[in-house]
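Read from first to last, the chains carry the letters A, B and C; within each, the first residue is number 1.
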Amino acid sequence: MADRRLSASQTAAAILALALVVGLAGDACHVAAGTTRYEWDGVPAIWRSAIWFPLALSGSVLAAAWLSERAGTPAARVRSRADAVTGAAVVLALYAVSALLNDAPTTVSVVLIGAIAVAVWSWWDPSPGALAVATAAAVLGPLAEIAVVAAGAASYADPVDGLAGVAPWLPCLYFAAGAVAARLWSALRD
Amino acid sequence: MADRRLSASQTAAAILALALVVGLAGDACHVAAGTTRYEWDGVPAIWRSAIWFPLALSGSVLAAAWLSERAGTPAARVRSRADAVTGAAVVLALYAVSALLNDAPTTVSVVLIGAIAVAVWSWWDPSPGALAVATAAAVLGPLAEIAVVAAGAASYADPVDGLAGVAPWLPCLYFAAGAVAARLWSALRD
Amino acid sequence: MADRRLSASQTAAAILALALVVGLAGDACHVAAGTTRYEWDGVPAIWRSAIWFPLALSGSVLAAAWLSERAGTPAARVRSRADAVTGAAVVLALYAVSALLNDAPTTVSVVLIGAIAVAVWSWWDPSPGALAVATAAAVLGPLAEIAVVAAGAASYADPVDGLAGVAPWLPCLYFAAGAVAARLWSALRD
């Protein structure tokens, strides 16, 4: 990819754009498969998402990427812009796979998404810092979605709502996204 | 793998053999799953393919690999013979996955195959040259299959024929194959 | 990961722990999906496995890893502890995927698991030594399971018992596990 180092605002814009594409396409998979449903009428939609979802998601990814960069924990591997595309594409593929698991036993879906999530972390940046961000994402992301479901703004379909209203594999999906987000700033900037 | 540099004809033979294995095994998946069907009786078959399919496919892969090598666009990564095996195996796995998506929503199948295809390009050789070959394959491959379907020689099953008679995810599958083909010549030769 | 070189007993313990996690989680997928069933009552269980399965599996992985290290065949790639986590996670993901293929045509399931197994070998360590261990595992593992099924201790469900009572894709799954096991000793030790 290009050699030019990006400014902070350019890096932030690149992260937002990448997170927006992954979030919108992944969420469209969940809506198309009936995994999730938006419950409030009259909310503007982008593709198949209520407008607040991609905004909240890409804002969270940007915050995670920027805070990780500021924290300065050492990365185990230096990642390039091309690697960032691979990481984002793998997370999106995992997102799409989760939309195919509505009829799968919970054991299988959690083990499958969890195993790939661990592989994403140990491939992308097997550092304690990235592990911490991934773990935080695996806790905070599902908690936020549980609050959204409790507020009645969205819901998961009956077979995949076993974790306080959200999917049992959701922490695994956030773990993978968090691991990649942890080094997205330096990967896209340099 | 071996260290010896192959001659041009040996390299071509290796590419043809690899493309033949991937094409025959992948096509057998599509036929077994009912994704595709050959419509003309009396055409000799290899495994589950009408004989013209593996010949056209491996000839096209060889042409793409040779023309890419001749064009001389710089590769972003040097690839070995072992990498070529990984690339071909991943494309074959993607081919097999597509045979499992006959009942999946189109959004999910296209996002899944598309995300993995982008990951294949950005892992294998994230160069503009490979992107050009992948994009050309994503256009020309489905166009050729649309012509085959229009001629009545083969057909895609009802749920997955939404792109002028072929599967909506077909450009993504060709994109991945084209990306790998773009550097197959040097990977297998050296 | 850590820099400290492990002793032989520590390395063995790490291999046993990793194999136990993968074996128990993967087997739980097979039982949950109805792919396999334990037939003898009164055998103590760990999670969803009869106790002899994880013991036999992790013992076999340890034996394969130790014998490969002793044989001293050269590795094509040096692997780290983080790589070992990735390798184990990918094998576990493949294990979980196989639990989703009970209704898939045999052609598709064998090609899919087989293609990913080849990709695992050619990524992890594309050496003749690892290929030999993977091939031995692909023969001996299914033979052992065929004996277990013949003894009446366990069974595969009707649609996936076509290989003398076990699943046709089982050799491919053992191939992937064997390839990773072949270099697990040095990867975890150093």
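In this section, a contact is a pair of C-beta atoms (placed from the backbone, for glycine too) under 8 Å apart; a residue touches a chain by one contact, two chains touch by 3 or more.
What you see is a predicted model; the values in this text were computed from it and never measured.
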item	value
Interface sides of chain A and chain C: same vs different residues, half threshold	different
Rotation in the CA alignment of chain B with chain C, degrees, nearest 5	120
Interchain centroid distance [CA atoms averaged], chain A/chain C, Å	29
Residue numbers of chain A (touch at least two other chains)	none
Touching residues on chain B, where the partner in the complex is chain A	76, 101, 104-108, 111-112, 115-116, 118-119, 122-123, 126
Chain C residues touching chain A - in the complex, by the definition given at the top	1, 25-26, 28-29, 31-33, 48, 82-83, 85-86, 89-90, 92-93, 95-97, 99-100
